[in-house]
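Next come two complexes built around chain A: one with chain B, the other with chain C.
Coming up: the complex of A and B.
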């Protein structure tokens, strides 16, 4: 039987209508599940709801409706104790390590604090801090440094060490490499893969960097304006993408090969609509879609299985017999 | 006399610290011909942005200052022109687009007014400025220029704002456009649109374009030539296809290998450059890349190589030729 460690069903998050404005449906009926020891990649552009999803998964916010389970146990909203218990099992690593580390705390103190809050390793915290640093590939001399004395890659390692300090089962990584130099990205990705294998962690890897998502993920969910529009194994989604939006995303990945790119640039398309306008009804991607048909503007296509494990929310893709 | 359109010669930039002045750009030479497309590639701290800012005399001084070197635009030494001429060049002949478009516009002024101000500063009448603004907004693919013109920055998306910034840069028909990581803050599909837009505009106007970026992959399609910077110096200069197929500096090779390409196996270890870039203020003698270089020999610790001709238009600052790696 499949060992599902994290299961989110029909998550919806509506942000309130302030000053009489329209409420914003940041997340609309999103269902994802994560198998133990695997990585679920979430891709999409800003405003697609991927960071909202991250915040719901780790309990920083509560869904308007929907159901969240970790190890088949329902997560109840509210209460300090509940939040702390949840934090032990699922941790979040943010995009910008510098803004998620307190500038006035040394690396040692940052890690120490987490252990204290969760009453872990009492009496042996110093040893645990060294162990955590070693785990993320930092030597002991980093313990006494402040965030401003670290490079971007080192700071992100500290943020990862802090997440690992509570021995979580699941780590949600929200754009963990986007703020880093290209040469440092590879290091962090390699580190994440290594500690995942060592500690049998399960990851939710959120990014708009598709080449990284493709590299690290076992399964991928593509999001567009608050909904999952395609879902499947990494190779299904990237080798045989079904949704026109996934196709556009895959096309936009810069290929580090001048010859390849030149041929594509030569065939380059003119500008397309820039705004992702909220559509009153029908498929949210319809205004940008090259394959749009009348029915797309009438109803929202449901996420449906096209081939085993590969699901898509597109009338046109579902019709085509491939 | 016809020389390069923009020429940087032996540029050194220093940063003043409490008791000393550290050199952080250490002798950059670059010659850009009219209409050429260049990629200036390097990690943060490599000096790429400082080099570009110094072209327009925009270095934050103090603590930064040009220690020595020359910057010539069309033969004219920009270090010695008066303020009036400098303002003509800045945003006129040479325009720049910055990384974070949201912080480059005044949030309290309508977009149109900000564009028109630039044009008026360069001698247009109010009516001309307004007409030109509409033109350039249309030129950058904004379908409703009148609406954009009368909007405040927060009413536009990131992609639209970056188009506005490009429109602003293009409004004065510059001969050189410096684009400093103009797409890093944008989503991938928008990024692609902006890259294609600038490429199309370059083709129609014939301006020279300098893309400043840390991501070699992004510029692969866009540029004719690439200069790779490391620790305040250019370590490799080459035609783009040559650079990608036959890198002649170990740092370039490592950068290319660290990109997850179609060729790298799923979840396999990506090539990493290892350790961290050196502190540019504490370099000492020798090649600054030697600590991270798999091919370093004794000589690399004692003296720093200058750019050497590697044939077929490639130049590399490395003691060892690729055949000796």
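Coming up: the complex of A and C.
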């Protein structure tokens, strides 16, 4: 029995439809699900709708259409009670740790406030604050610091502690390491993995960097221009990528071997210019695709199962009998 | 954001000297210190004027000391009736400050609330408020003040309303834009995700972050209000005698300035000092209103 903690079905988000301008489909029929205690990696370049997905998941915005369930319970836009209840289940960690912390609040106050709002640990909040800090690897000394007195990594730890303060089941990590120094990234990733094991958390890990995602994800969904173009288990998507876009992403990961790098350059993996403008019809990836065929420009390939649990939205990949 | 200190080592903790009190930080900035000194002197002198603690009675005429120059007994000389200009200036400063503070209180409260509401609430409310402020901007402030004074009368409260209302749209604009930016900021979003109520987000997160802007604006508004009041009084639209403000004194001096410069210089100097003081204070507040620049 699979324990699905988060289930999004056919999420669509259209912006600007009311103002008479050209509506933008930031998210187009996206279905993803997350099993308890696992990590779902969402990969795609900027503008592919992954941040929009994050905002929908945590309730910052409501989908234009689609269905979102946490623990099999439907999430609906509602009053304050609903927002607070949702907050206890799902949390978000932002990309930029500094802008996600109130510059006028000390670390202690930030965490204290969350506990107060949700009436948690009454009478023992100070102890809980230290506990949360310890959980993210910060000593109690940091409690009285302001955000600007922290390094990027420290600030991100505080943001993670804040998200954990409500004891959520799911944490959406929206590029949690991309604003950090390379040297700090691994520390944060290791921290996230450790916390996940300790608290049995479920993660949605969003990144444009496939090499980051593969360190942490159990399942992966690759997004392109608002659609999921490939999804499956980590090894399926990495070992046997099907969609030409995933192949290109995987090839873009640097390999610490100069000979390999040289042969790759010779193979000439095209870095095509980013095209985010809406494609009138057909596959959104067709303008960049090396394997493009006539039918790709005529119809949108549906996300279909190629092998057990491994799904891809590409006519060519589905035809090939690998 | 590049930080050379090793992660979590806390090596910086002992070196970080904190000046978290506003006053301490203000005192450390050159502008702030000048502002504090000059404004303190101005306020002290104004309070003396209001309480009537002056070397001479401001309206006491002395036929034997008409148009006397600057001396130890008359720090700013005397006017054509033998009145002590310094005593008059103290009293006038008191009147000017009363009107300035009252008008800025009116402008600050109405304007800040308007700006916060326009920035935080929905589009519709915002549009209404912004169109109103646009309309108010279209009317020259002094002209508006003239109209209000003519309609209401010439008391201290009437002058304050006349001057204060003119500054309302400036507060609205200055406060609205940071509120707009803060509403969309990550930390307010994070608060939403954490289930914080709108009231909490507004009072605990947005308002403290615009308090600095409001403080700076208030200081600058005070400087402007002193000038505006002097202008109104100069035109004879200030509070009627015997309440003499600095503007009245400048007006009265216009007939004697040619033969006795001190009758004009005295009240003018007081106006200038007061305005400069509040401007320095405003600049100083701007320097320290951001906690990121407060620690050093």
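As a working rule, the second predicted complex is superposed on the first by the 310 of 322 C-alpha atoms of A that agree within 3 Å, B and C clash if a C-alpha of one lies under 4 Å from a C-alpha of the other, contacts with A are read in each partner's own complex, and residues count from 1 in each chain.
Criterion: a contact is a pair of C-beta atoms (placed from the backbone, for glycine too) under 8 Å apart; a residue touches a chain by one contact, two chains touch by 3 or more.
Keep in mind the model is a prediction, meaning the values are calculated, not measured.
In the superposition on chain A, A:234 makes contact with chain B only, while chain C stays out of contact range.
Looking at the shared chain after the overlay, A:212 reaches chain B, while chain C stays out of its contact range. In the superposed model, A:154 lies in contact with both chain B and chain C.
Once the two complexes are overlaid on the shared chain, A:248 sits against chain B while remaining clear of chain C. With both structures placed on the common chain, the touch criterion links A:146 to chain C but leaves chain B unconnected.
Once the two complexes are laid over each other on the shared chain, residue contacts for A:88 go to chain C alone; chain B is not touched. Of the two partner chains placed around the shared chain by superposition, neither chain B nor chain C is touched by A:67.
Of the two partner chains placed around the shared chain by superposition, chain C is the only one that A:117 touches, whereas chain B remains out of contact. In the superposition on chain A, A:186 makes contact with chain B only, not with chain C.
151-154, 181, 184, 187 are the residues of chain A that lie in the contact sets of both chain B and chain C, per the superposition on chain A.
Within the complex formed with chain C, the chain A residues making contact are 58-60, 80, 83-88, 91-92, 94, 96, 98-104, 113-114, 117-118, 137-139, 141-142, 145-146, 148-149, 151-154, 157, 159, 162, 166, 179, 181, 184, 187. Interface residues of chain B, counted against chain A in their complex, comprise 43-44, 141-142, 157-160, 163, 187-193, 196-197, 199-200, 214-218, 220-222, 240-241, 244, 254-256, 258-262, 264, 266-267, 269-274, 276-277. For chain A in complex with chain B, the residues that touch the partner chain are 45-46, 151-154, 181-187, 189-190, 193, 208-212, 214-216, 234-235, 248-249, 251-262, 264-265, 268-272, 274-276. Interface residues of chain C facing chain A in the complex, by the touch rule stated above, are 1-3, 5, 7-8, 10, 12-13, 16, 185-187, 189-190, 192-197, 200, 204-205, 208-209, 290-292, 295.
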